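Shared between the two complexes below is chain A, which pairs with chain B and chain C, respectively.
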Partner chain A sequence: MTEPVLHTRSVSKSFGGLQAVKDVSFEVREGEIFGIAGPNGSGKSTLFNIMTGIPFGVTSGEVHFDGQRVDRWAPHRIAQAGLCRTFQKDAEYPDLDANETLLVSATYNGGLRGAEATRRANAVLDQVEFDRSRRCVLSRELSVYEKKQLMIASAMVSQPKVLMLDEPASGLTKPEIARLDALLVDLNRAGLTILLIEHVLSLLLSVSQRLMVLNYGEILAQGDPTAVVKEPAVIEAYLGGRRK
Partner chain B sequence: METMGRYTLPVLALVVLAFVPMVVEASFTRHLFIIAFIYAIIASNWNLSLGHCGIFNFGHLTFFGVGSYTAAIAAKTYGVDPWVAILLGGPAAAVAAFLMAAPVARLKGIYVVLVTFAFGQLAMQLVLSQSDITGGAQGMVRIPYLRLGEYSFLKDYKLGYYYVALGLLVVSTIFIKLVIDSPFGKSLKAVRDSEEYAAARGVSVSRQRVMVLVLSAIFTGVAGGFYSIYLRVASPEVFGFGTLSLALSMVLIGGAGTIYGPIAAAIALTFATEALAGVRGLEEARFIVIAVAMILVLRLAPGGLLRLFEPLVPKALRQR
Partner chain C sequence: MIDTLIATLVSGLVLGSLYALMASGLSVVWTTLGVFNFSHGALMMVSAFVAWTVSEALGLGLLVGIAAGTLSAALVGIIIERLLVRPFYGDRNMLLITVMTTLAAMIILEKSALIIWGARLKQLPRLIEGEISIFGATISAHEALLVALAPLLLIAIWQFTVRSTVGRSLRAVGQNQESASLIGIDVSKAFAIAFGLSAALAGLTGALLGSIRFITPTMGSEPLVKAMIVVIFGGLGSLGATAGAAYVIGIIEALLILWLGLYWTPFALFLLMIVVLVFRPNGIFGGRE
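Right after this comes the complex of A and B.
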């Protein structure tokens, strides 16, 4: 069995009396696409937040990445170690264009300088098929899909070990989702481990090799995606059944 | 070709400013230009932290004050050559910036304003209380002036000081441009616009904040040093709210986040405040007029006046 590149041990996050994530333990194996599903408010994004320390860390529990315990590390250090995330909402630097956005990541996350940083940025923008004629356009003027491409590219430029994607398909059209599907499969085939939160179940089921479902901050089920989505508890959670 | 185009306007402006003393012989007008250049250095460097990195730093004039007193004490008390004393203002201000930045690096919003403003007040109290060294509320006078061999800067109708001030402004602006165009400069905008995104891409938000505050202090401190040597006075007024609000209005009216906006505004506002001082009834109220102008610009053109003129400039000549 492949060693987990990333795993959590009983991680929890509380906001006052509200427990957003409760005692979640799971592992991600090198080279897989691991899907995370769950209804709104089930703690998926909070789980991403506490694993990356952005904007807050765990209340309790441990996060292990690439053989090291990282839950007390500064967020930028976790990113530099190779655990890179995207955000559910559009994250962008409105006054920077695509080249400049990638230059920041290549410099600070990838440790690259000068021509090497530029070369790597161009290669990654090509890899995500970012339109060459749009690379000098300010981020604020890009389309939703271009912003998603850029967010993924800015993570890829530092050659992360694990890419964490938080609802990359939100706001995209069907053809764009199909392009995203193909991109994720390509990246994974090239050896990238992906942790994917997604509401678009067709995409999630199409690309994930394993799936975990969260509800009320707890793990409801995990395992083979087709089997997980057939579990009665998962169906009930998604159809809005009463919580027992 | 495009690069040449982008530098056309700044170089043209520099050529014009270089020829001003040939046309303007009045000592007082030259003095106004010198003061304008000093303010331009303060405002454009303040813009590094405020406009480019989004730090609500209200202690920027402290760096100027520290530079001013460092040069004054070095030149007058310790007999250091005034040229060297001016330059000493830079590292002294950078050290002050580092001391201020340490607690500020992890704070946000209004707390940054409070801490940085308090730091400025602290520095002023220090200057006032240590009167044996600083002259206290009286300040320091008769500070040694600049000489270049046998050439005295006191007897040339401010011609020498004009070119030194302009030279400092040019070097400071090149420095700012290099910082802004570097990956570090891009990371400042990243931190300003999305701290979380920047941190997720390996940028240490607190480290960038400390660094930009220190960098923004260097030429501000040198300008402070020059100010003392030029006027031959070091006064606690430099820490006052009046100087602070005038410099802030230059940043905001010119355009926070631009490179040349605060410089253009500094020159325009220095002459505007002087012109208003000549209007009967406005001698003391001129700063209110500037404050109203600042509020109007913030309401009607939040990007600053320079951005309003941007569409009139051919694309190839524009600087972002």
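Right after this comes the complex of A and C.
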């Protein structure tokens, strides 16, 4: 079996009396797309937050990435080590264009300068198939899909080992979700390990090799996606008990 | 009549240049930190006094004086950021708190200047002697230098924010601190750079103004108020809009002085500001929300 590139050991996060993530242990293997599903408020984004340290770390438990324990590291150190993420935001930098957004990431996260940074920025924008004629348009004026492409490109510019995507399909139309599906599969085939939080179940089932479902901050089920969604507890909690 | 109008427009250009330099400094801090720095005018004054001390009292020459003034303003700006702004980052009332702390800084600097340099009026010699005629209107060569220097400095700041790595990082921090810190940009350092750059700009303006107006502890107050009208008029978000608004306000002020006289001009300017705030809260050049 492939060694896990990323794993957590009993991570928990509390906000006063509220336990947002409770005793979650899971592992992501190198080269796979690992899906995370769960109803609203189930702790998916909080799990991403505590794994990357932005804006807060774990209350207890351990996060291991690429053979090192990273749960006490500064967020940018985690990102520079190769664990990069996107946010559920409209645009990362609304008043920077695509070229500038990528140059900032390439310089600070990728450690590149001058022409080399520009070359990398262009290569990554090409890789996510970002329209060349739209690269000088301010991010705030881009379409929803272009903003998603830019966000993925921005996270990829430092050539991460694992890319964590937080609901990349939200706000997309069906044809755009199909494009995103193809893009994620392409990136994965190129060797990128992807951790994917998503509400659009069809996308999760289509691209994920393994799936984990959270509910009230706890793991409800994990394993083969088609088997996971058939588990009674998952159907009850996530799908509202309507599936037969 | 035409001669008077040309003379008024040229004097408006001088005022506009002064306001453009002031307001663009305010804009740099606002777009990066989301803070309105009320001590900006006082930094201008500190620079003028330091420039006077170095060039006149110590006799080291005007250019050395201007450089020392600009650097001292930058240094004081960085100290203000560290002591009076930084402790409140992340506080949800940060904007209101920093209004008070930077106002306090202004008062402290003005009173300190009074203690250090006294109440006697001071003035710097002009960097360039002589006069220049523009379409028949005569201004001092020093004022002409201010008019020429302002757009060059504004273009330099604009190019710095658009082309340089540090400039882009300041814009990134201003737009999304979370993402910026995630990719390894040192947000505290970016804040200090923005404050220092803005203060240096105020300092250079102050040192140049010290040759045109008298240097007093409160010399920065009136330009600060005008710069506030400029940023309200133009919107704070973009350097280009702020600079454009500065020239428009400078020329409007000069025309108002001609038509209404000095006494009623501030009243008319504030009335204009209120009208703009009522109908275009984001400024004439700012986008509608």
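One rule holds in what follows: the second predicted complex is superposed on the first by the 237 of 244 C-alpha atoms of A that agree within 3 Å, B and C clash if a C-alpha of one lies under 4 Å from a C-alpha of the other, contacts with A are read in each partner's own complex, and residues count from 1 in each chain.
Heads up, the rule we're going with is that a residue touches a chain if its C-beta (ideal position, glycine included) is under 8 Å from a C-beta of that chain, and two chains touch if they have at least 3 such contacts.
Here the structure is a predicted model, which is why all the values come from computation and not from measurement.
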{"item": "Combined model on chain A where chain B meets chain C, clash or fit", "value": "clash"}
{"item": "First (chain B), second (chain C), both or neither touched by A:235", "value": "neither"}
{"item": "First (chain B), second (chain C), both or neither touched by A:55", "value": "both"}
{"item": "Contacts of A:103 with chain B and chain C, given as first, second, both or neither", "value": "both"}
{"item": "Touched partner set for A:80, first chain B, second chain C, both or neither", "value": "both"}
{"item": "Dominant toucher of chain A (residue count), chain B or chain C", "value": "B"}
{"item": "Interface residues of chain A shared between complexes with chain B and chain C", "value": "52, 54-55, 75-76, 79-80, 85, 87, 92-96, 100-101, 103-105, 107-109, 158"}
{"item": "Chain A - residues contacting chain C, complex", "value": "52, 54-55, 75-76, 79-80, 85, 87, 89, 92-96, 100-101, 103-105, 107-109, 113, 158"}
{"item": "Residue ranges of chain A in contact with chain B within the complex", "value": "52-55, 74-76, 79-80, 84-87, 91-96, 100-101, 103-110, 117, 154-155, 158"}
{"item": "Chain B - residues contacting chain A, complex", "value": "183, 186-187, 189-190, 193-194, 196-205, 257, 320"}
{"item": "Partner chain A, residues of chain C touching it in the complex", "value": "162, 165, 168-169, 171-172, 175-176, 178-185, 237"}
